[in-house]
Each structure stands twice: as structure tokens, then as C-alpha cells.
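In this document, chain identifiers A, B, C and D correspond to the written order of the chains, with residue numbering beginning at 1 in each.
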Amino acid sequence: VEIVGLQGRDRDEPIEASHPHLGSTGLRIGDALPAGLDAVFLGLPHGAAAALVPDLLDQGVAVIDLGPDFRLRDPADYPRWYRFEHPRPDLLERAVYGLPELHGDDLVALRDSDVRIVASPGCYATASILSLAPLAHAGLLDDVVIDAKSGVSGAGRESKPDMHFAEVNESVKAYGVDGHRHVAEIEQELGLQAGARLAPVDFLPHLIPMTRGILAACHVRTTRPIDQEELDKLYHEAYDGEGFVDVVAAPPATKHVTGSNRFKVHAHVDARTGRVLVLGVLDNLVKGAAGQAIQAFNVVFGLPESSGLEQLPLAP
Amino acid sequence: VEIVGLQGRDRDEPIEASHPHLGSTGLRIGDALPAGLDAVFLGLPHGAAAALVPDLLDQGVAVIDLGPDFRLRDPADYPRWYRFEHPRPDLLERAVYGLPELHGDDLVALRDSDVRIVASPGCYATASILSLAPLAHAGLLDDVVIDAKSGVSGAGRESKPDMHFAEVNESVKAYGVDGHRHVAEIEQELGLQAGARLAPVDFLPHLIPMTRGILAACHVRTTRPIDQEELDKLYHEAYDGEGFVDVVAAPPATKHVTGSNRFKVHAHVDARTGRVLVLGVLDNLVKGAAGQAIQAFNVVFGLPESSGLEQLPLAP
Amino acid sequence: VEIVGLQGRDRDEPIEASHPHLGSTGLRIGDALPAGLDAVFLGLPHGAAAALVPDLLDQGVAVIDLGPDFRLRDPADYPRWYRFEHPRPDLLERAVYGLPELHGDDLVALRDSDVRIVASPGCYATASILSLAPLAHAGLLDDVVIDAKSGVSGAGRESKPDMHFAEVNESVKAYGVDGHRHVAEIEQELGLQAGARLAPVDFLPHLIPMTRGILAACHVRTTRPIDQEELDKLYHEAYDGEGFVDVVAAPPATKHVTGSNRFKVHAHVDARTGRVLVLGVLDNLVKGAAGQAIQAFNVVFGLPESSGLEQLPLAP
Amino acid sequence: VEIVGLQGRDRDEPIEASHPHLGSTGLRIGDALPAGLDAVFLGLPHGAAAALVPDLLDQGVAVIDLGPDFRLRDPADYPRWYRFEHPRPDLLERAVYGLPELHGDDLVALRDSDVRIVASPGCYATASILSLAPLAHAGLLDDVVIDAKSGVSGAGRESKPDMHFAEVNESVKAYGVDGHRHVAEIEQELGLQAGARLAPVDFLPHLIPMTRGILAACHVRTTRPIDQEELDKLYHEAYDGEGFVDVVAAPPATKHVTGSNRFKVHAHVDARTGRVLVLGVLDNLVKGAAGQAIQAFNVVFGLPESSGLEQLPLAP
């Protein structure tokens, strides 16, 4: 794999001008896309990829889109959650939701497709969906509360008063109480696993005073009682063959995955309340973003799934 | 009010030896309790206050206990949650749970009692109970998930590997998944407000990389549908007369109350899921500990409720 | 003392709109200055106060200016360090540099002056000058390196990429290597104490991943050898009568003064190198800003020096 | 290179028991050293390696020692700085100080030695020595103040009150004012570069509220005036061929190197004071510890210097 070009908005400068830590790579951010590409990775505001992708497909380029423009299957979800009409609803059902643990076969099938679009999921969705997929698949999800905590890098690099160090540090707050966009894809994917439309998921995100990491705490009322042994079996069967997922025996900390493409999950039956608690952690900038996109790319292009993703977590 | 003595375990030293920031007070930690006291504030491991308090009562001293030994009314809760048999179950029903917003009249009534015990609640309990009391009182609590986030000062000053800066910083994790002790008093007090035993509360605490502050996110399924207008009215009626409680129109951050005795609460109907979300924040070391104890002391001794507690929040 | 009005740029809104933690004060930010004032506190970009103050003086209002416009005595310093010509150089020698510990008599003398301007010093200058004034006054300063560390609140609330939580957190950097403006007043005030122009001071500021606090580490080569006993005597004689200064026996942490108007200083002879090390800490938003301005106001208006400033440090 | 065993004190457990983030490696901490080793990496309390190494040398094992037992050439420095008599002073002059940038040839020469000891330097020493070596080598160091700032991971994992999150967070302090041990090797190595004994270095370390990273701010008075052009030339000539060192044009932040084996340095002439300021940053756990030990091992064993060290910095 060779990086043949980087393109940014109105930029033509060495990468260290905006990303000093990458200075030793010698990369440069240009202002135009090179020709003869096999694949592009897109990270664009919503709506921008939808406009750009058809032309890329015409050129035979595979698209790994890190934005939301091809994640939702129902065109009606775009005006509802993103306030734009999707210009190419026909492509929505041909794009593959880029969670290799759930859609590995679909990603492999893209190799022979003339519409190669991977809709790479974001951080909250990945953490939530991977946490609950085994329960959904077994038809066990009844009532779901997802209380998620994220470091601030999930909000991007833009300077905003809310992101000022003095506001974030030594503080925690919830946001998005009127409904976070990512709940749409969480409900879509869990519904697909369950084979049925689920009741609306109660999803509440929080901003935590740290840079990287997401923890999804999923409080689940199951459709029937389940004991710890069955729960353990469910998660191990689902994930023991997955290279980037660890089913762990104690509540995981986000620090256990920082800088890596790993997802760690812990499922627990609370005998007192009868609820199941599932705790999932990932690094929102790796398994929740760029790392997962590379993982899906590897699958589509027939490379080892872990190519470029071998980095161990960086702790402390 | 005069501080006539401080007593610590095996200590006899100026306060700045262990608390450098208090050096200018000239206080000294002694190794014995002075005589002729009107009131003592206790902060002891569970079981220790239960052993000590009867003798203090005999001396006519009012006790403000910041530990759990007199918070629970049912003696059976002590072996269950704290693993000790309570030596004086007769005192449990005479102690007053020191939440002035809910038990103000009981605190006033202590003035004429020969058993003056204030069982001052801790941080998680205060945040949870004050967040949900108006809904409980109205008989609206059906199913309750409390997902709480706390700074590390809630765990005390003891050196433990889990509290090392390098472990806590840039990380978040849940703990106490097998049931946190404070859920006992949360269920007791919400049940008292409701006038009925409630279904078990799902309470999950998290450790957040910050020093002070608690946020309780309460996800509630109500016994009947309720709209935003009725919800607002419920909280304003409950708290508009309370000097330390603010019903706020947007999700509060813990930084909005740091260093003060204030509790801020925001209640929101989620039209999509039908749930009610209540977000409450406080400083775990003030309204969740020492400040609240002083507030209750003020009520018991007929002082203005805010004596010694006028400090505004310290932000940023 | 009564706060009769707050004025902000283009604002007319309750204070909680921009400062949610102050909501309980009921204050409002208006867009015009009320009439009939005794004193105003100004916090303005450099140059703005110089333009505004003459008119305030004509109205008989005392001015406590938290900006730099009246701190420097030499008019030539304004074009050099702040790139503007001072419009009223005649006022510079009549303004009083608002460090009550060094200029207490001058502040008292303002009571009878028709030009009542207090030029309140900022955080770096206060920490540096108070750390070194006793050595300067004794004629002992030869070569001075001040290596200062500041929390980010010193840079104000403006959103800038450098202040984004993700940039600041888990990182430290020096800045202002070409000369920080505050060195001008540091050299002025230490020179006044010494009664002679000193060699240029090497002042290097750092941005630390915390919100509040400044630590000035001053590495001094003295004009003659000095032992620890003499050094201790020098500092205790200078500061033992000062209500807000503590000479401490161990290196202080900034956390020991957070939220208070206190300055803590530790002076140490390094027998190996022959240098003297002085470590001074303060809260840049209190003793390094608003608190010190109130302290000087108290002195000018004949109030107890600690009025409104009794708050103990908030730790942890 | 194959890791054939890990040994810890009184342990026999999977690595994830103490280091959860490394669970996916499948490594196990044993309680005995395997046989047939080519090399061992030691991280031991001072004095312990000195006792252990002779036996390892007898077995033909190369030793990469991350502790101080073989860093100092003068046996008298051990009782002075570490309070023990060195049991094998004869080995001190045969060990190589493991800074590949300065002692690369000596490391290569170890291949043919029967005493293969690499004394791998620690974080403060590496940052200080690499920052100043070009000036020392050119005979330009006259008076040196090193004001260093470190994240807390430099102090190890042990639970101590000073390392509690609530003590470290939102605070900065200096420590070791009576002389930090690492100054001994800093003076030794800079003296070797200069070819002469230097005046004592004033070295002051600080604890910063972050986990990883060291910044050394070196304030230097030179033996003769030097301009920026000559200074730049000096640093580029010294380091442009080094794979892990970047001479940068602006003050570097520690975040620019986190998780990598890189050292970034910026040198600046302060025209006003005539001093030279050198700012060096590294990750204390990589280039300041394990990474550097691997780098030296690679050189000794004839592997590419960057084997196992290709990881880019992790920012934000």
C-alpha cells in the first residue's frame, strides 16, 4: 500500500504545518487529488461525500467514506437526521456498512462490485453496535439505554468555546439530549442483527475531560431472563475469532485500548435488577475512525486484516 | 460557630502537614476530642461511628455523621451492604437523613430531641435522590437507570494503584458493577418520597479523570406519559424555594458548581423514546459531603441555612 | 461595597449566559456604564484603557485597571512592547503599580489624589516580582533566569487552536521565546526595589495542562554568597507581616493556593552550584488578576485589605 | 528478535493481570530467567543490577541495563549520589553509556567485547544531554540552568500520596531542590563532549499534571557570543544524520513525540539577554527509557537502528 497523495481544504503545505507530530513522514497536504488511484479515504462534512462519490466510482476508484453519507439505508433518514435530501439514494443499498466484525462477507463481496463504497462507522456507533450485537443477534434486546462517554477528540479539531481546555478540564457534561444523529445507525444495525425493528434506543452522550477514548455503558432489559454463563457464551462465540475484539472478565478502561484498533467488551448480568450491563471501550480515533477504515480497506483489497494496525495500546 | 478542635487518627500536628492549603488557618490536628462540645462532625470508616455515637449522645453532643452508620432505617441493610450488625438499631429510626431539601422539618425537630443524629448523605446518593425526588414524590417513577460519573476525590485520599495519576488520566471506566452500597439509601429515600417500595434501581458509577464533581444521568421510564411543561412545573415547584438548588434549562456541567454547595438539575422529556432524562450535578466534596453536613448543622442549630456556605462556584 | 453594574462588549444579557456558574448572583451584563460610580475595574485590550481613563478621572472615578496601559513608567516602553504610542504619558508617573505588598503606601496616598489609577499587575509579573523582591531590595540580584509555568486560563477565554483541550492536554511547551511583554514590568519593579537598573532578566513562560495556577522558578546568581539562614531571614522580614503571603519551608504546589488570593514562596540556597532558587506560586485568576485588584481597591478605599478575599484555597 | 521470557518480582501471571493493555500479546510474567539468552534488559532498583550483572556476563549474555548502576564512570559517584559502594568498579569503564547519538561507535565496538554492558540513560538525562551536546562539543557551554518538566510516569507505578490523581491534577510543583541524581550523568556526559570538566549544572525538575513527556528548557550562557545562524548550523550538523532526532524551527510540545522514540530540539539565541535557549522534548517512557534501550540493543546486535521503533507519535 502506498500513500500517493493527501488533499485538504485550500491547503498546499508540508504535513507538519498542521500536524507537527507527523513531520518525520515527509508527507505533504496538496490541493488536488492525484490520478490513477485504487482507493480514496474521505473525511468530509455530511453531504459533501454524497456529491463527490459518484464521479469517483465512475473512475473505478474504491471509496472508504468516514462520513455518514452512505451509512443509512433508508433515504428518509437523511432529511430527518442530517437535513439534506440524498442525491443518490440508489447507492445506499449498495454501500457496505464498514464494520468488518458484522459485515465481513459484504466487504469481501465488494471486490467484484462496480460500486465499491465502504461507509465506515464512527466512534459512538461502533462502540454501541459491537457492544450489543451479540444480544441483538440472539433476539434478546428489549429495552436499551446507552450511556456513552467520549473524549473531546471525537468533536474534531475546530476551535469552539466548548472545547477550550479551561471549559473541558475538571468537568463532565451530557449533550445531545434531543437525540444524537448516530442513534439512527445504531438502531439500523442492531435491527439488522435482530432481524426486526427494535424499540427506540435511549442514547445519551457525555463529554469527558480526556482526549481519546469512548466508553459505552449499555443497560439492557432482555426479552427473557439470561444467566451469566449463557451471556459469556454468547459474547465469546460472537467475538473469539475476531482479531480486534477482546471479551474481558472485568470492566475495561478506555486506557486499555488507547492508540490501538482494539475493542474490549465486558457483559454482566445484574442479579438484583435483572438487567444486563454491557461495557464496551475503544479509541475513537482508531477503531472508532481511521483504524477501522483501514481494517475495512484491508478486507476489501484482500490484505491481512491487521495490516498497518498492529500497534499495541499505549498505556499509561 | 467556633471550631474548638480537630481530631485525626494518631496525629498531633499542624494542619498544613497533611493539608498544606489550609496552613493559613492556624488549625492543628490533635489526638483527642476536646470537652464541652455542642456538636461533632464525624467522618469515619463504616462501623466506627456506630460504636462512638452512643457515648457522644450521653454527653448531650449533637452528631453530624458523614458516614453510613445511621443512614439506613432497616437494620438488615447493614449486614447486607456493609457486612456488620448494627449495634444500636434503636437509633436508626431516630436519626435524620441529612438532606435538608427533603427532611428540613425533621432536622428542625431534632432541636428538641435527646437523640440528635444527622446521617449526612454522600455524593452519589445526594445527586441521585435530589435528581429524582420530584418524580418519586409525584408517583411517576417506574423504571430507573442511574448512570453516574464521579471525580476521583470521592474515593478518598488513600494511595491505591487505581488512583495513581497515570492510571486515571486519559481514561474512564465503570466500577461497582455488582451493586454499589449507596443504592440502598437511594432506594430507601426515593421509596419514602413515593410512599411505596420501588423496583430496584439500576445504579452504575464511573470514575472520570477529574478531581471534583458528580454528574448523575437518570434515565426514567415514567408510570404514565408526561410532557415537558408538566415536568418543568414539577421541578420548579419542588426546588424554587430551595437556596442551594437551581433548576436549569440546559444540561449542566459539573464545573458550574465546583467549590460550592449548589446542586443543579435539568429534566427533559425525550419525545422519541418516551423516557424522562434527569441530569443532576454537584461538587462531591461540598454538597456531596462537608458542605451538606454544615447545611444540616445550620438547620438543626437554627442558623441561617447558608452560614459558611456562601462561596460561589469556582470556574473555570 | 456594592456592584452597581457590569459592562461587556456588545452584550445585554444575564451573567449566566456566558458564566453559568455565576447564575445564582442575579447579575446582568449591560452595554453601558452606570452613572455615579466611585470606582471602576477595567479589563480591556491594551490601548483601550489609555483612551478611556482620562474621561473617568474627569468624572472623579477611581480606576483599577487590570490591563497594561498604566503599568510601565517609561513611555518608550509602550511602542516597544505593545506597539502603540501612549496618549497620556503624563499619567504614567501618577498611576500606582498595584502590588500592595510593595506599593502599599503609594496606594494609601491615592486617597487624596485627583488621579486615582491603580495599574494592577498580571499573573506572571506578580509571581516573578514577589518571588524576587526581597533579593532585589537587598541588592543581591546579579543574574536572573525566571522559568515560569502557567495554566491556560492565563490566556483568556478566546477560542484558539492552541487552547483546544486536545492540544493542551498531556502536553507541555514553552512559548514567547522572543521575549514576553511582562518582562518589562518585571525589570522595572525589580529595578525599583534594587534602586538600580538590573541586567536583562531571562524570562521563559510555559503552557501547562491545567486551568489555574502559576509557578515561577527563579534561578538567581547573587552579587555575593549568601547562606540559607540569611536567605530565610530576608524573606521572613519582607513578608511575615503580609496577610496574603506565606514563606514556606518546602517547594509549594500551585494547588496549595487555588481559588485564593495567597502567594506562597520558598527560597533555597543550592550549595552545589552557589545559586539561589526561589519558587513562587499563586492562582493567576485571583492573586494574579481579580483578587489582587480587589486587594488594591481595598487599600485605596480604606477597607480591610482582605475584604471579599477571605476564601481559603480549594484543594484537592 | 524473540522475547523468550519476562521476569518480575514474586510474580507468575499473565501480563494482563498487571498490564491489561498488553493482554493481546499472550505474554506471561514468570519468576525465573530462561536459559540460553543472547541479551537481557534490566529495570531494577539501584544496586540490584550491579549485583546481578557479573554473573550474566559470565554466561555470555549482553546486558541492557535501564538503571543507574553502570552509567557513572567515577566509582566515587555511587556512594555520593546513590549511597552504595559499587561492587565492581572495574566494569564501569567498560560499560557504554547507551546514547546511540553520542556513543554509537562504542556501542558497535561492544559486539567484540566480552563485557557487553549498555548503561541506558533515563529520561531527564537523555533530554538534557541531547539538548546541550552540540554546544558542549563546540566548547560553548559556560553557565547552564536546566529547568525540566516531567509527566508523572517518570516516577514509576508505585502508589504514593504524591502520585494520587487528586494531588497531581491541576497542579505543578518543583522537587529535588537539593540536587537530583541525574545531574551526575548530565555533567559527566557534557564534560566528555566538552573535553573538560564543566561548572556545576543547575538542574531543577518539575512534576507536571500529565502522564508522559519531558521538556528540558536549557538556559545557557555561552563562552563567547554566538548568532542564530551559527547556532542552527551547529545543531543541524550534529543531528541531521540521526534517525530519531529532529531539529525544529519552533518550540516543540511534548505531544509531538508521545509514544515514539523521537527527540525534538529547538535552539534559539535571545538577543536581549545574550543567552541561548535550548528546548528538548521526548517521551520519557520511549526515548527516555524502553525505546532508547531497544535502539542501543539494535546497534549492538547489528540490526537496523529503528527495528521495533517505527511507531509515529500519537497525537492528539
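One rule holds for everything that comes next: a contact is a pair of C-beta atoms (placed from the backbone, for glycine too) under 8 Å apart; a residue touches a chain by one contact, two chains touch by 3 or more.
These numbers were taken from a predicted model, which means no experiment stands behind them.
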Q | Centroid-based (C-alpha) most distant chain relative to chain B | A | D
(Q) Report the inter-centroid distance (CA atoms only) between chain B and chain D in whole Å. (A) 48
Q: Provide the C-alpha centroid distance between chain A and chain D, rounded to the nearest whole angstrom.
A: 38
**Q.** Two or more partner chains touched - positions in chain C
**A.** 151, 153, 157, 166-167, 169-170, 209-212, 252-253, 255, 258, 316
(Q) Using the definition of touching given at the top, classify the network of chains in this structure as line, ring, star, complete or other. (A) complete
Q: State the interface residues of chain D toward chain A in the complex, per the touch definition above.
A: 19-25, 153, 157, 169-170, 211-212, 246, 248, 252-253, 255-260, 262, 311-316
**Q.** Residue ranges of chain B in contact with chain D within the complex
**A.** 151-153, 157, 159-161, 163-170, 209-211
Q) Can you list the chain A residues touching chain B in their complex? A) 143, 145, 147, 149, 151, 166-167, 169-175, 177-179, 199-202, 204, 206, 208-213, 215, 217, 219, 221, 251-255, 258, 268, 270, 272-275, 277, 279, 281, 316
